[in-house]
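Structures follow.
Common to both upcoming complexes is chain A, partnered first by chain B, then by chain C.
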Partner chain A sequence: MGEVDTHIPDGLMDPIVVGAGWALALPIIALAVYRLKKNLNERAVPFMAILAAGIFVAQMLNFPVAAGTTGHLIGATLAVALLGLYGGIVVMTTILVIQCLVFGDGGLTALGLNLLNMAVVAPLVAYGVLRITRKGLDNWNGIGVPLAAWTSVLTAALFCGVQLALSYSLSGGSYGIEALLSIPTMGIYHAMIGVGEAIITTGVVLFLSRVAPETMEFGMRAKEAKA
Partner chain B sequence: MELNADRYARDSWLSAFDPRVKLLCFLSLAVVIAFLTGTDVLLLALAFVLSMAAVSRVPLRHLGRGYAMAFPFILVASLTMLFTSGSGNALAMGLRISSSALLLLVLVSSTPFMDVLWALRWFKLPSVLSDMIMFTYRFIFVILDESGRMRLARASRGFKGGRSLFDREAFKVLSNTIGMMFLRSYRRADRVYLALLSRGYDGKVRTLSGFHVRARDAGMGLTFVIIGALALTQQMGWYVWW
Partner chain C sequence: MNRSGYLKAAAVVMALFAIGLVGYFAFSAAFPDGLERVMEDNGLEESEPFYTAPLSYGEDYWGALLAGLAGFAITFGLVYLYLRGMKARNKA
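Showing the complex of A and B:
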């Protein structure tokens, strides 16, 4: 897949899978928006937007994976580490909507699935891992952040692989990609991409907490990042 | 990803249409195309999308560049299909992704960003999200400027980008770059916010201009409905047109 951006395009997935993606993603995003709105100070939106724009640009920086292929950041873990779960979901949603409606990256109907994988599943997994490692380990950002980054990327990719496989079997071969091909390919490729995501996310979080600890309080829920 | 995606939008003939109608039309057609599996109906859809592209007056080179970015993916998906479920399905897959990708490209390159945002607000997108989209879009270019300068500085000191995941130095440089990018942008966001405040920003957005649904918007809607209905009824076998 190399340099190509791998957001799900229109027409690849079975319509049932596409519909299920919207049905699963929208309520959770709505909840995140609602919860965020409740304790939002007016400064928060511009600061969250800076992070969203930063992740958007960081996604364009390719890092080397192996044998000439490159990967790029998803950024869900970074967003969650700086803003907490709801902020992370809203930031990732913003990025995906802009990529779709302004840059034509990722399909219109497939936006539901892209939102599910990268704006719901990835932040949820990242948040879960960060929470668990925070309880168990003192040195949270040395182990928790890379683990969260790697797991969130791999889980999101496996979700995509399963969606491809489901599309294939539901439609009897008109949509998607067969499970035996899609799931291992997505899994192995993103297990490597995830290492890059883990290294960069950890690097950025360490850099920010060393150079400018106040940026870890980008708006709200600084506790998520520090604890 | 072409960064100034709406560069040609103001010159496009389609930009004069009501963005609400346009978004709805294109979205509905994308939904219809997602259901198509027959080569004949997909060719009809592709022909219609191509004629929309011609009508939009967006330079073909611009659309072609966007399509070329998506093409390797389309090729991989179709080739996999060819080996697992036959040439008919593979061709349909290629046509389906191509026509919907081109449809979206025509939409985004013929609609100025602010019009998209205006339509999203009208469709009652929560204000947190529409404000986030507006600010983020603006900040993307601020950050790109910043990162462009940093890339130049990096390159002039001999940074090449590294060869594999084991290249520690490359990753250190990249993480620090991203971290520094956030830091500089964060400081700048502070100033942007103060500038907004001093111009009376209170979290609400007011615009002077708006759109009204005119006859030509209704015409566009009708055209999309006819094409969509034609393709869908034929695909589902509700009525066989040809």
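Showing the complex of A and C:
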């Protein structure tokens, strides 16, 4: 089955793009850590750790999408739906750092970009979609979770596509892939992968909403209990 | 919020992912994933990594299973200790 390597490797992107990834990702992650620290619910700690470990494992499981390509869960929407935005960002960051440092998944220099796409952009998009759908659809989140999952994967992928394109133009072709190729192909493959993400995320959220609704930040109930 | 809810939720998440991990081959495929496919389509090869990690995801079923278990344990341990430490510093 060969190498299982799923994130941006070293030497793919232009150094300027790599630096920009770190510069954008770190302040947002630091803010999330700070905000989480203020609002951390002690009882949720073991659950957060289990969820992080579960998403780590889920990222190893590739499912076939189409045309000889596979995809795997990112898990950002799942983390945000269960833990909220800050918990989601911190959990995704931990997973990506462990994958990089311990398992060599994603390059060490490229970690900033991987963090930006999967631990910052994906959770932010997921959170935005979950918030908007919860407000706009009379507290009914049935559409919100799958839509957030799909949109967050596609947006993260398009960010990666843009980073490839920027790398290509900045370096005059020594790094990255040109925009006309990178952005559509990243988009098309991940529009399909996002469907898998939506199905898995919705399944887990739906199930947890039934057995343990009080643990959900964005559950799938007909009505949110207003405090 | 009650404690049993979190315990139940943790048990459910763990069971779901345990099924996923043991059924690794049933769901997993040897084809490239999204980004790898895009790199392949454009004739890009992965270059030598800048840093070599101590572990990998394994070459076969048992290797992957072990890597999954190790990853599960490491991730759980780190997040748990980190958040507990965060809480302790909050109180201090």
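The rule is simple: the second predicted complex is superposed on the first by the 196 of 227 C-alpha atoms of A that agree within 3 Å, B and C clash if a C-alpha of one lies under 4 Å from a C-alpha of the other, contacts with A are read in each partner's own complex, and residues count from 1 in each chain.
Convention: contacts are C-beta pairs under 8 Å (C-beta built on N, C-alpha and C of every residue); 3 or more make two chains touch, one makes a residue touch a chain.
Remember, it's a predicted structure, so these values are computed and weren't measured experimentally.
*Asks:* Looking at the combined model built on chain A, do chain B and chain C fit side by side or clash?
*Replies:* These partners clash in the superposed model.
*Asks:* When the two structures are overlaid on chain A, which partner does A:199 contact: first (chain B), second (chain C), both, or neither?
*Replies:* After superposing on A, A:199 lies in contact with chain B but is clear of chain C.
*Asks:* Mind working out whether A:15 is in touch with chain B, chain C, both or neither, as first, second, both or neither?
*Replies:* After superposition on chain A, A:15 lies in contact with chain B alone.
*Asks:* Where does A:190 make contact in the superposed view: on chain B (first), on chain C (second), on both, or on neither?
*Replies:* Once the two structures are laid over each other on A, A:190 reaches chain C alone.
*Asks:* So, does A:48 touch the first partner chain B, the second partner chain C, both, or neither?
*Replies:* A:48 contacts both chain B and chain C.
*Asks:* For A:157, using the defined touch cut-off, is the partner it touches chain B, chain C, both, or neither? Pick first, second, both or neither.
*Replies:* Once the two structures are laid over each other on A, A:157 reaches chain C alone.
*Asks:* Classify the contacts of A:72 with the two partner chains as first (chain B alone), second (chain C alone), both, or neither.
*Replies:* Touch partner of A:72: chain C, not chain B.
*Asks:* So, does A:173 touch the first partner chain B, the second partner chain C, both, or neither?
*Replies:* Only chain B is touched by A:173; chain C is not.
*Asks:* Could you pull out which residues of chain A sit against chain B in one structure and against chain C in the other?
*Replies:* Residues common to the chain A contacts of chain C and of chain B are 1-2, 4-6, 9-12, 36-37, 40, 42-43, 45-54, 56-58, 60-64, 91, 94-95, 98-105, 107-109, 177, 181, 204, 207-208, 211-212, 215, listed in rising order.
*Asks:* Tell me, which parts of chain C touch chain A in their complex?
*Replies:* Contacts found on chain C: 1-3, 5-10, 12-14, 16-17, 20-21, 24, 27-39, 41-42, 44, 46-60, 64, 67-68, 70-80, 82-84, 86-87, 89-90.
*Asks:* Which positions of chain A touch chain C when the two form their complex?
*Replies:* 1-12, 36-38, 40-54, 56-58, 60-64, 68-72, 82, 91, 94-95, 98-105, 107-109, 157, 160-161, 164, 177, 181-182, 185-186, 189-190, 193, 204, 207-208, 211-215
*Asks:* How about chain B: which of its residues touch chain A in the complex?
*Replies:* 1-3, 5-6, 26-27, 30-31, 33-35, 37, 66, 69-70, 72-74, 76-77, 80-81, 84-86, 89, 92-93, 96-97, 99-101, 103-105, 107-109, 113, 116, 120, 126, 128-129, 131-140, 142-144, 147, 161-165, 167, 170-172, 174-183, 185-186, 188-189, 192-193, 196, 202-203
*Asks:* Enumerate the contact residues on chain A facing chain B in the complex.
*Replies:* 1-2, 4-6, 9-13, 15, 18, 30, 33, 36-37, 40, 42-43, 45-54, 56-58, 60-66, 73, 90-91, 93-95, 97-105, 107-109, 168, 171, 173-175, 177-178, 181, 192, 195-196, 199-200, 202-204, 206-208, 211-212, 215, 218
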